[in-house]
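Heads up, there are several structures right after this.
Shared between the two complexes below is chain A, which has chain B as its partner in the first and chain C in the second.
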Partner chain A sequence: MINNKIEKYSIIVLLAMAVIYPVFSNSYMISVGVSILTIALLGQSWNLMSGYAGQFSFGHAAFFGVGAYTSSILYVDFGISPWIGMLIGMAMAAAVGVVIGFLSFRYRIKGDFFALVTLAFAEILRVLFNNTKALKGAGGILIPYKNDWSEFQFENDKIFYIILLLMVILATFVLAVISKRKLGICLIAIKESQSAARSLGVPVLKYKLIAMAISAAMAGMAGTFYAQYYGFIDPTVVFAASISVEAIVPCIIGGAGTLCGPLLGAVIIVPLQELSNSLFDGINGLNMIIYGLLIVVFIIFCPDGIYGTIVKRVKGEK
Partner chain B sequence: MKKRYFAVSVIFTMIMLCLTACASGDNDTIKIGSIHPLTGSMAYEGQAMVNSQKIAIDKINSEGGINGRKLELVVKDSMGTSSGAANAALKLANDGVIALTGTYTSSSAQVVSRMAEKTKIPFVVTVASSDSLLKNGYKYTFRIQPSVSVFSKNFLDYLKFVKTDDMKTVAFIYENSNYGAGIAEYISDHIDETGLEIVGMLSYAATTSTLSSEVTKLAALNPDLLVPIGYYSDQSLLMKEILERDIHFNTILGCANGAFSDAKFLDAYGNQVDGIYDINYRYNPNSSETDYLLKTYLEEYGVDIPVHAIYGYESIMVVADALRRADTDDANSVRDALAAADIKEHILPQGDIVFDESGENINSAGVLVRIEDAKHVIVYPEEYADK
Partner chain C sequence: MDILTAKDVCKSFNGNMAVDHASLNVEKGKITGLIGANGAGKTTLFNCLSGYYPAASGKIIFDGREIQGMSAQKRCKLGIARTFQIAKPFGCLSVIDNVAVGGYNKAKDKAEAYKNARESLEFVHLDHKAEELAFRLNTGEQRQLELARALSTKPTLLLLDEVMAGLTPTESEEMIKLIFKVRDSGITVLLIEHIMPAVMKLSDKIYVLDRGKIICEGEPKTVVNDPRVIESYLGKAGAAYAKNN
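Showing the complex of A and B:
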């Protein structure tokens, strides 16, 4: 399941860090930890569809938002526990993913144009939710705050942290399993050359849609968590382009198409952003500039991401 | 080998702990947290809010502080996002602030409100108008400014000062978020009370770069009364479009319009916008404290104070008032003192500042302003009419 030694060590170190972290943390640091894990989960979601299968998405906010809205509407209007809502939300997000994928692939949209289509769908959903009263419109949805585990609400943020950690572990596990199975190998083949894969008998459309569905379900899961943790969603929050960006950036920094890349990326960018936010208090936006510069630097000098580069180096030295 | 993983993990974790935990300042000051968008599309508004809060802090400190202790404003950027606002709130809570203030956007306010409840630190809203904000049953959130429904009720109430006998039709053009759509929908649900007929409800996204087709539609509808609701940049764009195309509307009455009540708007359009009305928050021009705030803001920042920023100043004054009355200076006593507030001396055009059970300022109200000779003149309520 684990591909090599570096991967094994990285996973162990990252996991140990994640487990030790809450022991020493105060509420603020738990909150930062939640941000890190949210981005890690979104990153893994993006990683499957774009890193492994090579179908670049700029619109992961669509799946994230659908997940958040499904569980929240079911909870607020129908009293269905968000735990169940989360599963339904994941199914809905997967369905949206399959629809977007089918429409795009059916009309042979690929590469940059596919990315633009996903972006457009996320925007369409944002506008749709914003202007549809039955979907709560621009006012958004408020999740009542209580302390009841059966309703996915905890007074103690550490429990939220642990649940999110389990989600990230689950997503990483799913990715690890897929990458070892036929599906994963075929996805990588599709990424390398779609026509070559097809000529060898890989059912390209089917596998791409499966990858999209699983990826979208992961993002939907993150969406439900987000709604339950922050307690408020509206279309501008969950369908925001910034959510789509948050899915991509950890992969670029850490390394797309690798198991640990997005995790490592998330562990680096969030603390960096928080740190630059605290250190340069009087200078607004410096953290954004650092963030932007970092991405530019990585794309130029480290296109495989930190993890990808390390792997290459080590392999090269051997 | 296993020991090595463990050692590496511990070192990494320690580094991260050091990165995220920042040392707090000295203990002699009383800290108040401020969470506003200081980057992104709302940065101008957020910064103005912080500026006016600083003026309030300096004023209190120059008068000797609270019981001999100085106030300190700890500012955090919400980045306009939920996670940014939550992280900022919890960071401030850990730094030992006795109150949080913020956040200009309603979605951030919802998140901070929840974090305030969890950490048991009172949260005084500077500006966030969503009605649902105080419907959570929370005990730690207080709001000074008028909500969406207050503005809407003011609109229905004050309309009589604008309405003429031959005014029959009305059209709304509003930005489609919580605030613009919220007000437009509330008013349209109650339009029967006014005797007007709605001929158009046009919404647009606040981030739009053109309102050309909307203006074309409005020109075709030609309503007797046009009601624009939105933020500064989009409403300014709307007015530019209307003026450039030389379209004349009988009466224009904004509601909580981010542009019409702003001094910058008058600088940009001068006499061209004379006759426009707006129902909005505003300072009480007859208070001496207002003069101080306006003068100091202009001196320190080189521009007239944007009208929303008065709530930044007042939020600090409200917290300071609570601190003076609180038994101790911990967050819980400040919360209890806030709940018992009855502030008579303030800069708002309303009666005493008193909070109800949900934390809403029961006397909050907007005023009706008319632009005359490139100046804002309060038309109603009369006791706040400009000197």
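Showing the complex of A and C:
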């Protein structure tokens, strides 16, 4: 399941860091840790669909938001536990993913245009949720605080952290399993050359839709977690383009199409964000400029991401 | 017996008829060549046969079934495999994984897919590079990989689109041997080729395509001496020159 030694050791180190981290952390550091893990989860979600299968999404906020809203509406209006709501939200997100995917792939939209379509769908959902009373409109949803584990609520943020860590491990595990099986190899083949894959008997449309469904479900899971952890969602937050960006950035920094890339990317990017936030507190927007510059630098000088570059170096020297 | 029959296949791009009522028969167990000058429509016809895109009209019959409306992946399941003129290796997969993508076509599980893949790699003599990443292969090896991938789908009909383009004479020699070996293993071959000595040597029957139309068919010797064929390659003046000298 694990491809090579570098991957094995990277995962062990990252996992050990993630497990030890909460032991020595105050509440601020835990919140940073939750940010890291959220971005790691979104990153792995994006990684499957765009890193492995090569279908560049710029609209992962759509899945994130659908997950968040499904569980929250079910909880607030129908009293259904967010644990169950999370599963339903994942299914809803997957359904949205399949619909977007089917419409796009059916009409042969690919590459940049596919990215634009996903962005458009995320924006449509944001506007839709913002203006629909039945979906709570622009006011969003406030999750009532009950402090009951069966309601996906915990007094101690460290438990939230551990739950999220388990989700990231699950997502990484799913990716590891997929990447070694028929689905994973065929997805990479589709990324490299769709026509060659098709002529070798790969059911291209079906596999792309499966990848989108699983990817969307992961993002939906992150959405429910977000709603439960912060206790409040509204359309401009969960359907924001910035959520879509946060799914992409760890993969680009760490290395898309690799198992550890998004994890490593998340570990690097969030502390950098925090640092630039605190350093340039007074100057509005400067932290975003630095963030943007960083991405540009990475795309130019390190297109395989940090992890991807390391693997290439090691393999090349062997 | 014919394994593949194309009847009046047409395909146009923006009103430009690339393939114009082309008909051909591919006999089972034989090697059939398809030649023609650049832009004659060979690859377009190939793409219609393999399902890369649908033919605008006409019938394609494979093994007694009409397949013109089928997708490429369904045709592959039925037993039609192809290679591409410009090799399309899955660069970031290893060679064995590349071939396994094809190996899964008729395999029940992973073990069988990789067994198919290893057999195909041995068949084309590329098994020593199994663990190499595909983008590191040279042109000759990429061609071998294309062939191995196509073979691992367990086809009954193999469509080869200029497998010898860009190969050195020695590599071409090897490729010719390989194609004979493919035929001897019971797979019918239809090939497009520009290198005339190779086509002459390989083909049992040749079709000549000119501006989308089949202008000549027959045994290699007959075809190359046909004035229409010479004219299609050299033009009227060239044909006259060739005749006089």
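The definition used in the following text is that the second predicted complex is superposed on the first by the 310 of 318 C-alpha atoms of A that agree within 3 Å, B and C clash if a C-alpha of one lies under 4 Å from a C-alpha of the other, contacts with A are read in each partner's own complex, and residues count from 1 in each chain.
Assume a contact is a pair of C-beta atoms (placed from the backbone, for glycine too) under 8 Å apart; a residue touches a chain by one contact, two chains touch by 3 or more.
Computed from a predicted model, the values in this text were never measured in an experiment.
*Asks:* Quick check for you: in the superposed arrangement, does A:I88 touch first (chain B), second (chain C), both or neither?
*Replies:* In the superposition, A:I88 touches no partner, neither chain B nor chain C.
*Asks:* Looking only at chain A, is it chain B or chain C that touches more of its residues?
*Replies:* B
*Asks:* One more residue to check, A:E192. First (chain B), second (chain C), both or neither?
*Replies:* The second partner, chain C, only.
*Asks:* For A:V99 in the superposed arrangement: first (chain B), second (chain C), both or neither?
*Replies:* In the superposition, A:V99 contacts neither chain B nor chain C.
*Asks:* Looking at A:I109, would you say it contacts chain B, chain C, both, or neither? Reply first, second, both or neither.
*Replies:* neither
*Asks:* After the superposition on A, what does A:V32 contact: first (chain B), second (chain C), both or neither?
*Replies:* In the superposition, A:V32 contacts chain B only.
*Asks:* Is A:G201 in contact with chain B, with chain C, with both, or with neither (first, second, both, neither)?
*Replies:* The answer is second: A:G201 touches chain C but not chain B.
*Asks:* Determine, under the contact definition given at the top, whether A:Y21 touches first (chain B), second (chain C), both, or neither.
*Replies:* In the superposition, A:Y21 contacts chain B only.
*Asks:* What residues of chain A sit close enough to touch chain C in their complex?
*Replies:* Of all residues in chain A, those touching chain C are 181-182, 185-186, 188-189, 192-193, 195-204, 257.
*Asks:* Would you mind writing out the residues of chain C in touch with chain A in their complex?
*Replies:* Counting only chain C, the residues touching chain A are 50-52, 71-73, 76-77, 81-82, 84, 88-93, 97-98, 100-102, 104-106, 110, 113, 149-150, 153.
*Asks:* Please give the residue numbers of chain A that touch chain B in the complex, ascending.
*Replies:* 9, 12-13, 16-17, 20-21, 24-32, 34-35, 38, 127, 130-131, 137-140, 142, 144-145, 155, 157, 226, 230-232, 234, 236-237, 240, 242, 267, 271, 274-275, 277-279, 281, 284-285, 287-288
*Asks:* Along chain B, where are the residues that touch chain A in the complex?
*Replies:* The contact residues of chain B facing chain A are 5-6, 8-10, 12-13, 16-17, 19-22, 38-39, 43, 47, 75-77, 81-83, 86-87, 90-91, 93-94, 106-107, 110-111, 114, 117-119, 130, 132, 135-136, 138, 176-178, 180-182, 203, 205.
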